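There are two complexes below, and they share subunit A, which is joined by subunit B in the first and by subunit C in the second.
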Partner chain A sequence: MSIRAVGSSRSRYGARDKVLGRTRYPGDIDMAGQAWMKVRFAGQPHARIRTLDVSKARAHPGVIAVLTAEDVPCNEYGLIYFDQPVLCGEVVRCEGDQVALVIAESEQAASEGRDLIEVDYEPLPIISSAEAAMRPDAFLLHPERGDSNILAHYKTRYGDAPIEEIFDDCDVIVEGVYRTGMQEHAYLQPEAGLGYIDESTGQIVVNVAGQWMHEDRIQIAHALGMPEAQIRVEYSAIGGAFGGREDMSIQIILALAAWKVGRPVKIIWSRHESIIGHHKRHAYTIRTKWGASWSGRLIAAWAECIQDAGAYAYTSSKVLGNSHLTVTGPYEWEAVHVDSYSVYTNNVPGGAFRGFGGPQGHFAAETQMNKLAERLEMDPVKLRLKNVLRDGSQLPTRATMPPGVSMGPVIEAAARAAKWTRQGNDWQRPATISDAATRGDHATATLRALPGHRRRGVGFAAAFKNVGFSFAAPEENWATIELHGGGEIERVVVKAVGADVGQGAHSVFRQMAAEAVGVPLERVELQAAHTDLVGSSGSASASRMTFMAGNALIGAARLASRRWEDEIRPATATFGYRPRVTTELNYETGESDPNISYGYVAEAVELEVDLDTGQIELLHVLCADDVGRAINPRLVEGQIEGGVVQAAGYALMENLVTEEGRIKTPYFSNYLIPTIYDIPRRTESLILEYPDPFGPFGARGMAEMPFIPLAPAIVAALHDATGIWFDQIPLTPDRLLEAFKRSSVRAFERKA
Partner chain B sequence: MKLTINNRPFETDAPPDTPLLWLLRDELGLIGTRFGCGVGLCGACTVHLDGVAARSCITPLSTVEGKAVTTIEGLAEGYEGLHPVQQAFIDQQVPQCGYCMSGQIMAIAGLLAEEGAVDEATLAEKVTNLCRCGAYVRIRRAALQAAAEVNS
Partner chain C sequence: MYPAKFDYYRANSVDEAVALLQEHERAKLIAGGHSLLPSMKLRLAQPAALVDLNFIADLRGICRGDDGETTIGAMTTYAAVTDDAAIATTFGALHDAASNIGDIQVRNRGTIGGNLAHNDPGGDLPAVALALDATLHVAGRNGKRRVGAAEFLVGLFEVALAPDEVVTSVSFPAPVVGSGSAYAKFENPASGYAICGIAAYVEVSDGAIRAARVAVNGALDHAQRLAAVEAALSGVGCGDEAAIKAAASKAADGIDEWDFMSDIHADADYRAHLMRVLTAKAVRNACDRATG
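The block that comes next holds the complex of A and B.
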């Protein structure tokens, strides 16, 4: 073998086409005779449909068909529960609900037809907050799902005595009410796709950008009342996903439309349609109280986490499980008492988004940890290392951590790289991470050297994140490997259909297959385009794809190589990897074996804040991420750099505003995401490789991890700079200025 | 209406208020120019008009007559192989999902042509294209690499 494929920063598969503008995303594909589709959205958060009149739309020139609830054979879907109609016939529960489809000869005729549909709505009470939805007298949004709007309630009861008694024995108590906002995925490629009939197979084909093509197929087949074999799902190039394409948006309606009109049907959503039409990162309110000893030992944690699920379940209960698990941080406890609620409202549904509950849980946990360090006058790194999860540690679910826990070494590595100094067990925070030229002594530079009332601070946070689906969700990943040639292996065909959403899955599939077979990378050809090639790869989510696909590829390579040795040509093998089965949370105690593997990450941040404008500038972000084994280090760094930017948006500027169930920021003009202007002056990636005993080549998942600790690290740095704790994100300038006004930070500044 | 696109003449009877983006994509099949927002904010649709970067989704055809339109597909014309900005984007392994790449490259190539030298501050001020994968660290690196090459 020449160059090893694993561990090498080979060029991204398809990079050249991407810079030449040749890559085809779903909106770039046209078929002869195609029609265009437009969706009539509800446009209001909660109402009963009195009448729906589509006659004018049907009569409009160019309109081929108008489809409504009556046209959907089995009018329900959902990734966890079938609680959402494909097309609403009776009640609409959020403004992004889909009511009718117009298929026409042109996009313009479809738009005109859509606007001619007349719907008479009877308004229903709008429930715009989770707290309001939890009241016993609240209007029930899904009466068929029980007598409450609470979609899921998880409890953890861990410890030998009632939690209040244990708090009585604690030396120090730290409390907080943490609020995190919704976040829009804002992938640059809005939802687009094509539905058509494949005349050669008779299948209904949907070409879209998604995250899990076999699940898309299950959902489409269910709604159309057809066997799965009747449906084929194809993925073109995917213009970003971040969790936002895990649930259905246009998949089912494209299949329905192509089937009903017997012609190819194309759709491209506008940015506005994309923002109102797909789910968001959940908003949370987390009340929590932690107790510790003077020596810095964590003893007891209480928390109540309320998640706004929006109008439909999507993956809310699964996201809730992850925030439930992470709201006590990556630490050991004597006693934990947590209640977590996922609650239906008339807001835009919440669902998967990079980190999947981890960012919300850790925002509370890690800010608590930093506040506790302040109360104890102890360095936050030292406090963490005293309490951190280790090999053999028990989680509050009573499960032992899966082997290969590296949280402690990751925290130490991050601290050292960020210039923390250590003497024995004591750690000392640095004056600066960045060596910024204007900066002198930490305590005085902010007052003397910085113009315009600017101040600087340093902060730290850590996180752990599951790799793979949690809480008994079935895991599997299939791959086929064909070895072609005579005396030597000349060509390797890999069939593995995990979605490359931009993270580089297809690059690392090829690298892992080349390594497992023992051939140069150039001989490996990947087929990944559609559902009929091979079994499911599962979702490109939960930082799982490298881990799961890698194990499937290794399994298939082993079997195929054996057949090769038996002189079989081509030598072909298919392997389905199924990891150890996890268990659900016990509804009374929270007992569970939640996950098979974790990734560990820690970040240090240095920032500058302007007391006059409330603007924060990130000077330096250091991210230490244990990836087990970097299959392609340059791709790993790309995930760290990008995850940090996205998390900086989440922490500082991305403010999805809703009012009475309506999104008030459905455009890029009022929902702002980071540009090159907003990124940290320096982002430093520290790739750590503590192998996961079950990971392929030792790899762990990594793509979500760098997102998670950034917001609490920023809050800690902001506290370092101003002396104020912020318990709510995003840290918009108006929130900062309001807090500066209330506190004495400016008065102090002026006197100085 | 007579247009010049990637150095080739093109005639269309599309209405003069048609955004250039959709003519490029739908009539010419130049799919490298992407749709991202439709209101000139994200920059995925960036092309050059007489060498100057412009957002094609808010550029009506009527304003393009007589100007030379260059898209990502025509950017490398006159260069051996790739345009230096494209080559820098490969060298620095910039693309993740890749959807914004054409626009980023066109914006930076336009800026280099206009300004000659660029530094980090100029990029931060003048390149407003969105990249949700957050590949900005590498976009910046690639832009500086290309600037160095163009000026060497």
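The block that comes next holds the complex of A and C.
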């Protein structure tokens, strides 16, 4: 009982039930008298609906109701802008647009009814790339939102002189055109849920797996034209999210269906429906040019970032802000000139995904940094340490970094753990970072040339990422704590509804509450199931939940303890934590105080590449992540390992192919994600704890960070192995061979 | 997805299977079901009736004739082939291929006969059958016949089989003394299907290759022998890495551009490249087995 709650690897809350298969995910829940729902998707990327005939579906045996646009009281939604219809009535803008809902007595009858709906489409021009969408004569996808397809444009103009003049004074210039692909969240549990009427309160209830139940409620209430109190959102167990459940998929339609038919309505999406039906990580094209001095001082950066937003805004503009900020890396600059564009197309919409713009921005920035190190013949660690952001540094937004900047120490710690050697200010890259045991007889190979057709290489990259919402998005997190007992506190009831998407949020809520109240963990009981318990926790995103909920819990514990001392029984207090308010990017200059806190991470990678086949094997990934304070170290390791594996998929194999707006890879048989055979042979977590001055117990957010530097670190290792720079991910074997063919690495004849 | 409606018949003998095929319109045999059922669920195949071969005991098992020929019943699973020690030593290519098909579930259900009868471009056994000079035994309304693998494996998902015929077994001639075979593949990580697979059989004497049969599946629309490679291997020393590579570099020679598979996993150029790389690998391994 004397074990402290914070800082110990207590087993995950609810783990036992998950292992025993007792945990109920939304798809596992059935209600008496429930009906089934199927969605009729547009199935095409851009068309006008000439006619929509649902008469056959309505007449089909077992069909209870067919709902279309006319049935939605306020037919619009969207986290940032209300630019998306719940059900399309006039125009469909992407394959996954929802056109009609069929509610029936059985799943099969609902499917049959769905297939009987007749839609006559008039095809419209398909805009399948951001570049095409930006042409002045391009078809406007959202004419109501202005006279171009550009949904957001951010600028940064930082420095005393025009950027070209400053480049003239630079000794070295490196350039690149970086392309990153879309990525599917691939959570284990596809979208599923129930909508029903709670007879006792008269509320419409939606039970789903999401990331932010109060926002779901706002969106549902808006579309149904009802007061929020009329709606309740419940979360059952959530089988992964990664950002993919932040926007609406089935939330609104479940509420609509339950309300219209007055019965419980259930839906379960297939994997195919899930991949078509929710957003993806945005594809980016980033053109950039960096200038530095011979001594290795960064001077000027220019970049143009183009983000394919897809058919609707989702959180694209916010993602854009993050890539805009990170495309110059965690470094100090004299001058920065960046233009970033988010552009509507007919592709599947882009939205939140672990890293939220950070991976794309850093892929360009960190590869630029590694190229620069090569040009300067300087070790990449040394070059980073010379330029790294520190306490007091100014960002290109002219804001001072929030205190507690640990980027330098994190880079050093990662380099040392990866066997970099240091003499004075000089750093030396190791021939290998993995253990001799896994290297066999190759440990001596300084050239990293293995016998035959395999080569090894080592690479390094770093990253920083905001903790909490950026750019003036309102932050808040509410918690209630009740202290029960007489002489001593026997039971603590915590009400905090932040989503446990599998990352272990509910475990750390309990640990932080126990610590803040000063009781053993076993006495803490958590209630987190629905919106009526307590105020919003905000989204389980932006690496913010531990940070924000922890501060809310500490606040509530402090107030409740005071009442306890005043002999009030039970002693109850509710606290809403609101951090310092940030500011939006100025549209002309990019001035902004963007974030309240950051997390810092650095990674080293060793890999082996097969020059004959273009296959990459990750031998060793070392991730040094400053988490401020590891509330639960084992959960932190889980996030590091999971983040690294997911990023390995992003960098190497996850190739979401679209053609004329259609996803060609809507199954796991053709959208390949890493399995046990593909993951790094070893992932080493180095947990660093430089406290964040505003973090609960010093904790910083951490769950996105390990994802971010992996792709550029892999590219650096690949360069080390082959001498070739790759500016595009994923690094599929055929792309590698194409590049080998063009270089001197290995002769590769084309077929006759 | 659900398959369309179909009738189900269990055959208790080969004759009964042939009769059922004749009796029912659009009837199809079902063996392991690991190709047929997925295509029915995707509605790529919509047979009106299935005739189940799983209850015909005669169709399972491996036997060796006096002449050293090995005959494998059509319904023998990959797992059973993999576990057979004699096959592992005498027919290296078959063992390599069968033991790496798909995953455990697929190997426990999928059959030798089904694999060849389906002739999937990504299947692993067609090239092996060609390199090991296999013969298929077929039963139909007019009795039994034998057909060589090259003649049987006609094209993309196409074989020389009448709608009412059943493959009953596949036989492999005894390899000559001093021979060896191997199979090398580059697979789709999700399914295991061959993006390119090469089966090589070599006969070696005095340290040099006297005869070779090399075949590809995965890279082309159907499995084929690689005549140019086979010719170039003749006389090549088993340890002569450069000469093996030179011969392997001819792997894609003379093949029509249209015969190449090309999709989101690998385009035609990449598959042509893999043919050369894997040919060298398979030949090298076959030589090691012939001499080792």
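Rule of thumb we're sticking to: the second predicted complex is superposed on the first by the 728 of 752 C-alpha atoms of A that agree within 3 Å, B and C clash if a C-alpha of one lies under 4 Å from a C-alpha of the other, contacts with A are read in each partner's own complex, and residues count from 1 in each chain.
Just so it is clear, a residue touches a chain if its C-beta (ideal position, glycine included) is under 8 Å from a C-beta of that chain, and two chains touch if they have at least 3 such contacts.
Because the structure is a prediction, the values reported are computed rather than measured.
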Return first, second, both or neither, reflecting whether A:Asn670 touches subunit B, subunit C, both chains, or no partner chain. second
Identify the partner contact of A:Arg390: answer first if only subunit B is touched, second if only subunit C is, both if each is, neither if none is. neither
Is A:Ala15 touching anything from subunit B or subunit C once the two structures are fitted on A? First, second, both or neither. first
Examine A:Tyr187 and indicate which partner it touches, taking first as subunit B and second as subunit C; both and neither are also allowed. first
State whether A:Arg569 touches subunit B only (first), subunit C only (second), both chains, or neither. neither
Given the touch rule stated above, what does A:Arg48 touch, subunit B (first), subunit C (second), both, or neither? neither
Check whether subunit B or subunit C contacts more residues of subunit A in the superposed model. B
Considering only the touch criterion stated at the top, classify A:Met653 as touching first (subunit B), second (subunit C), both, or neither. second
What is the contact status of A:Ala237 with respect to subunit B (first) and subunit C (second): first, second, both, or neither? first
Go through the superposed model and pick first if A:Arg4 touches only subunit B, second if only subunit C, both, or neither. neither
Interface residues of subunit A shared by subunit B and subunit C, listed 668-669, 675, 677
Which bits of subunit A are touching subunit C when the two form their complex? 108, 612-614, 653, 655, 657, 664-665, 668-670, 672, 675, 677-678, 733-734, 737, 748-752
Seen from subunit A, its contact residues with subunit B in the complex are 9, 11-12, 14-25, 27-28, 185-190, 237-242, 268, 270-271, 501-504, 634-635, 638, 641-646, 667-669, 673-677, 679, 683
Subunit A partner, complex, touching residues on subunit C are 2, 186, 188-191, 249, 252-255, 257, 260, 264-270, 272-274, 276-277
Interface residues, subunit B side, partner subunit A - complex: 25, 30-39, 41-42, 44, 71-73, 76, 82, 86, 89-90, 93-102, 105, 123-125, 127-140
